[in-house]
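Here it is: the structure, laid out below.
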Amino acid sequence: MTERELDTHLVTILRELESLEYRQTSPRRVRIDVTREALPGLLELLKGRASYVHLSAISCVDWIEDNEFELVYHLWSYESNHLVSAHTRIPRETARYISVYDLYKPAAFFERDIFEMFGVYFEGSPHMEKFILTEWDGPPPMRKDFDAEAYVQETFNWQSYHPDWLKELEEEGGGVAIRPEEVRR
Amino acid sequence: MRPENYQAQSHPPSNEYELFIGPNHPGIEGNYAFKLKLHGDVVLAGKADGGYLHRGFEKLMEGRLWIQNIALVPRICVPDPVPMEVTYSMAVEDLCGLEVPERAQWLRVLQLELSRIAAHLFTFGGHAATTGMYTTSYWGIADRDLILDLFEALTGGRVYHIFNIPGGTRRDVPPGFLEQVSQTLDYLESRLPDYDNLLFTNQVFITRAKDVGAMTQEQALEWGVTGPNLRATGLAFDVRRDDPYLVYEQLEFDVPTEAAGDAWARAMVRRAELKQSFRILRQVIERLPSIGGPVRAPIPNPLAWNVPAGETYARVESSKGELAYYAVSNGGDKPYRVHVRGPSSMHAVQVLEWLAEGARLEDVAQIMFSLDACPPEVDR
Amino acid sequence: MEIGKRIADIILMPIVAFVIGLFMVLMLRKIAAKLQRRVGPPFFQPLIDIIKFYSKTTQVSHGLLHDIGIIMAVGGYLAAESLLPVPGMDGLSDKGGIITLTYFLMIPSLGLALGVGQCANPNGSIGISRALTAMLAYDIPFVIVIFGVAWHYGTTDLSEMISLQQAQGWGAFEMPLLALAGLFALQGMMGKQPFEIYVAPAEIATGPMVEMGGKYMGGLFVMQCFQLYTAGVLYTTLFLGGGTHWLDFLIKIFAVVAIPMMIAFTFPRYRTEDMLRLMWKWPVLAGLLGIAFVMY
Amino acid sequence: MSDLSKIPIHTEKHAPEEARTNPLAGVFDELVRFAQSRSMYMLHYCTGCGAIELPPAMTSRFDMERLGIQPMVTPRQADILLVTGYVSVKTLKRIILTYEQMPSPKYVIGICSCTVNGGMYWQSYATAKKLSEYLPVDLYIAGCMPRPEAVIEGMRALMANIQSGETEPWKDYYQRYDYYLGNQQHLFGDNWQTPTDVIGQAQHYGLAGPETEGEHTRILQQYQQPLVAHKLRLK
Amino acid sequence: MSDIKYKDKGSILNPLKTLQFFARKPVTEPLGPRPATETYRGFHLNDWESCIGCGTCQKVCDNAAITMVHVPEAKEDPIKGIRPLRPAIDYGRCCWCALCVDVCPTAAISLSREYVHVCTEDQLDSYFMLPSADGMHGTPYPEGWTKTPTTDLVDLEREEMPELEPQSRSDNFDEIVAGYDAQHALLEASRCVQCGMCHDACPTHMDAPEYIRSIWEGRPEDAVRWMYQSNPFSHVCGRVCTHRCETACSIGHRGEPIAIRWLKRYAMDAVDHERVKQIAAEGRVQVPTGKRIAVIGSGPAGLTAAFDLVKKGHEVEVFERLEKAGGMPRFGIPEYRLPYDKLDQDIDVITSLGVKIHYQCEIGKDRSMSSLRDEFDAVVLAIGLQLGRSTRIPGSEHIQVKAAVDLLRMITLREPFDIPKSAVVIGGGNVAMDIARSLARLQKQTYGEVQITLTALEPRDQFLADPVEVKEALEEGVTILDSRGPQACRIDDQGRLNGLCTWRVLSIFDEQHRFAPQYDSSDEQFHEGEMVVEAIGQMADVSLLGEDLTEALEWNRGRLKVDEAGRTSEPWLWSAGDCVNGPDVVHAVADGHRVAASIDACLATQDLHEV
């Protein structure tokens, strides 16, 4: 199958489904926006009929101002050499979605990762438990409302350097003028 | 009771027991753990335990300026840091619509391939050491060090180069550098027969590595295996060739494959890739002097750089497999979200768990090293 | 033989063995270094290591058997040393003979098994079970070799074997197949690649040694010296005509020990069953053929 | 913990400091210190990036074995704990376990910026910032990461310190266990415990100081449970 | 695929070939650190001579590893943009990425080839290091990673400003500088490293870093908000400010400073005037205080004071002698530099807040000072410098020898006068340039050609005028002669002015730095001109004060003596602006703020007439 053929092939499939938008963002990248109900069906079609067998990654973005999580499924076809990114949004409060593990085995890792980092629960995913953050009791850290720097300042201490040259400067009337924290935005 | 005096608890008789490998263990690549359930020497089930190297990279990146992250990203995979820098830079360039000067692209290819050689030499050493062949690791790491010398001359740092920034590279090659690369390549090529003698044609090594951790091409595709591990199952896929970036389209190289899909095949694919990298580097050395122009596109002052809102998925072929960055900008001076898809996030966790099942205890470490799993990519 | 000289021998022989063993350890590490293209440890390094281990302030004991295990390991070799004749010192070699020696050589492994068993570290336990399997693997060709050699010389007295060889020529030329089988057994006995599976740092974190720290580890280091020495001397005695003068004796034993060392650093390790398969195939076959030649 | 006294420990009591009057003892001590400084088995815990520069330092190009330094795989045999870079909280627990299992005298080397003041990851929620709050550190090697030569220079500095008898922070861990434990509890929670009975060891070897026990060790005793081997089922 | 020959089972003998390495030399390096490469990133070096303490390195540092330390012995000069601060590096944070090197505006910081540092817990203070040229341990190491043109992350070149070409501008009073469009402004603004040197150097301490940041972030309204916090004359300052900020700009130490003035102008032009009014009114006190303040003079100083005071809730009335407000910016600055509508906008913002301006009301004539004193709670004297100084050379009393300020005022008010066919301007400052260029335009309009000679005492490189002004004057056909001292105006027999004689200047100041020019009388030149314009300085006309008050007030070398806050010796009278400080718009604005703050503070506590 040549690339051009697949384009039309992909387009036919995409036309079959309602409630999605797609656009080619670069020669080998296609972006699809799809409602959360239609996404599993879309993936099934993409895998079953359009040779998108490789789930490259699932990314999650916390759009806190929209009160939504965006899930992005990056799929790659070894036959047509195209990358399709399927975007969908789920509400932030419920933070639940359906696992695609039965379609794509790699999903288990990414879903667990998102579960840990964003607190999105994937129904039907095999490992909805902690993996990286086993020793972490706080909120899902990748959420935008978790202020890591404030947590760090509260939890940890810093070195209180006071070398001789600084003492000398202080005697002369100098000393620390601007601490690094003061210039951070 | 005195804690050291573990008394073996009296349990109902059973042949099954559990064994931890890691996190501090020579059979584990890096700070990573693997739990095994064993029956005799046979692994009934394996369970990866990560997070020892977790730093919250993606969170850290959201708190730093776009350009500051350049110093951060190579730390995501220490043995093979260049692809990290390049991919991140590519993502930012894509978001900004920055055109990278051609010379910088060639320089990036130069670094990428040097880094690949270094990583593969390191992996040979690691893989051999899991089978008790320590001489190879001593050689491999010493030879890798020559590449690090090249990096030091080029970038000013041995391991963390921090040399690629969005827009290009930070410097041009120093005088006489290409000759130095050429000499090192000559030397490494002359060393290959030694490696062949010592390792690749070593009967004991072949006995150990063949049929260990074997997977079929179907399994590999289903499990999301990429890179040399996928090529070792017979599928000739390489991001460099099939989703080309930089100037790989102008370069000639083969995509070596093996059919067996076992640890041996993976080692052989890496060995063949080493030669392809030599070949690519020779072409770069030949072409680079004829390519003029700057090495960096003009970029705004790092303190005043807002990247236009958008999202991008940049990916390259690292020495371990498919490496990708999903970067989202909301138009601010810091990334809104960066998701790093390290190749090892598959290999070190699920693939390793599946391959370990039914394997023998002796081979677990070898499977992990032959997959070239890099735990920091998993933990991030 | 005077009783005084015998007592002196018994005291002196282990000391000589230890000193030579230290040099052998040094040689081992230097060979490794050379093959790995590096400089290697300083001259006194093996001794310094042992002193260091014995100077540890705190350490952990896992119980009485743990202690006894080490004593057995070192003691077994100590006893074995007095049975191995060296130039000028026969010790108890005429009383013990090769059969006793063979038994003594099993004591360290069993001792370790006891000690490691009490540590209850699974890595140690796996290691020691592998070590015992390995012992089983190399002991069969070893016993065949001992049997064949004893049959050939018609004696089990090691001193007698030496004098016979000096009269007839080296055992290696007379029984090349047995000498070959012996070489395999030697490799296994020394626990070096490709028969290193029971140490296997990459899998079971040095196996039996995993819980040994401080003075225990020091004991094992001492044992290693004895082990190398014993293996070298035994092989020399059986096949290379033993030692007449210290000079040629030393050359022989160091050469004997050097061969497995060189192999060790150019090969990976076999799995347990590969090792069994190999050990019970070629060395056993060679040994049996050797015996056949010897007998007929 | 309470029935410590019932368990025999097969080591001689640590001789009190003032008892060394024999002139030979001085020579002996010197020899011991020499041996300790010239034979260092290191446990290089790959806690972070810095670990990548240790293989070169150990292997042919820089060959640490020239100095009598060797890698070791188990804490029981190691003299030096190399903490190579940032320490995530999860790793820190394992580091403390490992450290406590090492036989004294033991030394800790903090490599890279991260072990000093957080380094690159100073704003990370997952990494500990000052290693010396949790373990006594003998030596720091600056760099991100330090080159093999710098690591070797650090090792040589440590050797010099050991030989001159200057560096004994490991005693500090026994003498001020309460302080270290307090910091550990702050990070890991009050129910934090390790399988090693540090207080018992301190008392046994005569290393206990006034700060060995305190409020934090009382919390420890409150939560401490007898340890069982972790799901170990061997026949 | 494999290209090596091996039997399926491999070989036992091949590995033994490795034994050849017994005969080879080890690859081990000798003990001791190897010398690092030429671009190595080791410990920091800092050249204290070129370090200006701007703190850019601190801001770019990923790891918050850099602390700025005050070093008393280091040089401090806010005007040149030098702070006595030096970076100190925390090696417990540093990652040797060398971004600090690449971003350093003055290329002071660099990394050395030194890389070994070992210390114990007790010596950990050594991890906190104040880099100098000496290296980490006092032993000199060569430089490693330094700044090169390719690594430089600071953009040294200014965005080009579109301007009218000389031929299209020399016959009209159209504004020369076109101003940035949004894209160029963004690019120019994004050169800024936010060091704040400009803020320190600016007399009114404008928050330039903040408004520049707002510009590159695409929020010009925020920029305007920042500006109005410190300057109600942003249109004026955006065009004609003497931009001390740009002199101090840290980028300017090696390259072209940020065009801060043009960026201010961009932001003001980009925001709708009505919106500017709303922004300016933000933060105004809603409850009137009932206090009344009179301001004499509607120049920048007076109106700034009025603006501040009216925002504080006071009632302010301004008395202006002329028919339009604006003072010097209107009557002293030609329209091609500052279009009147922009000035009107600035004034409109201020009047929209409720400031009442009485035009053509001359104090001393229409109203007396004493009536103001009685009627108002406080009075601000912001009359500026409206009298031109004379050279007092022979012939300077001639009717065709004019003062530049008078002439400029006439041009602005479009009062007719005979445009000379040729003219000589004496002076090398901005006023001289303004009058020369204005006359040149009039000549071009009237006669089609320019014949203006400008003579100045100073050599060219020491001109007080802005170099851009000099360049543009030359482009417009003005002949500029430097180091010429005026000696006499030559008047012919009919009493007509012919021109000016000058001698070459040998030196201007004597050894005590007093003004005492020395001439070479042998080098005399004659410059033809129907008119001679003196532009050598201005002075204040204080006659409006009246005799009593003049007596009562304290004076200092001909100027009113004021305290730091601008208050005179009379408790109800403040003085601000050029008449106190000498001519400068932005100084006048700063003065206005100072006086307003002082008045507000004093009125809050006491009734000034009872002091």
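Letters A, B, C, D and E name the chains as they come in the text, with residue numbers starting at 1 for each one.
By our rule, a contact is a pair of C-beta atoms (placed from the backbone, for glycine too) under 8 Å apart; a residue touches a chain by one contact, two chains touch by 3 or more.
Keep in mind that this is a model prediction, so the values were computed, not measured.
Chains that touch both subunit B and subunit C are the following: D, E.
Here the chain at the heart of the structure, going by C-alpha means, is B. Counting C-beta pairs in contact across C-E and across A-B gives the higher total for A-B. Using the mean of the Cα atoms as each chain's centre, the chain most removed from subunit C is E.
A centroid comparison over C-alpha atoms places E as the chain most distant from subunit B. Inter-chain centre distance (subunit B to subunit D, centres taken as mean C-alpha positions): 32 Å. If you average the CA atoms of subunit A and of subunit D, the two centres end up 39 Å from each other.
Averaging C-alpha coordinates per chain places the centre of subunit D 60 Å away from that of subunit E. Those residues of subunit C in touch with two or more other chains are numbered 33, 35-39, 60-61, 120, 122, 201, 205, 265-267.
Multi-chain contact residues, meaning those touching two or more other chains, occur in subunit A at positions 133-135, 141, 146, 148-149, 159. Residue positions of subunit B with contacts to 2 or more other chains are 4-8, 17-18, 25-26, 51, 54, 56, 59-60, 63, 71-72, 135, 138-139, 142, 160, 198, 202, 204-205, 207, 379.
Pairs of chains that satisfy the touch definition comprise A-B, A-D, A-E, B-C, B-D, B-E, C-D, C-E, D-E. Within the complex, the subunit B residues that touch subunit D are 1-9, 11, 13-18, 23-26, 30-31, 51-56, 59-60, 63, 71-72, 75, 78-79, 122, 125, 137-139, 141-142, 144-145, 148, 158-160, 376, 379. On the subunit E side of its complex with subunit D, the touching residues are 26-29, 31-34, 43, 62-65, 90-96, 115-121, 124, 127.
By the touch criterion stated above, subunit C contacts subunit E in their complex at residues 33-35, 37-39, 262-263, 265-267. Within the complex, the subunit B residues that touch subunit E are 64-65, 67-72, 135, 142, 152-157, 160, 162, 170-172, 174, 194, 196-207, 256-258, 268-269, 271-272, 275, 294-296, 298-306, 333. Touching subunit C in their complex are the following residues of subunit B: 4-8, 17-19, 21, 25-27, 41, 128-135, 138-139, 142, 198, 202, 204-205, 207-208, 360-366.
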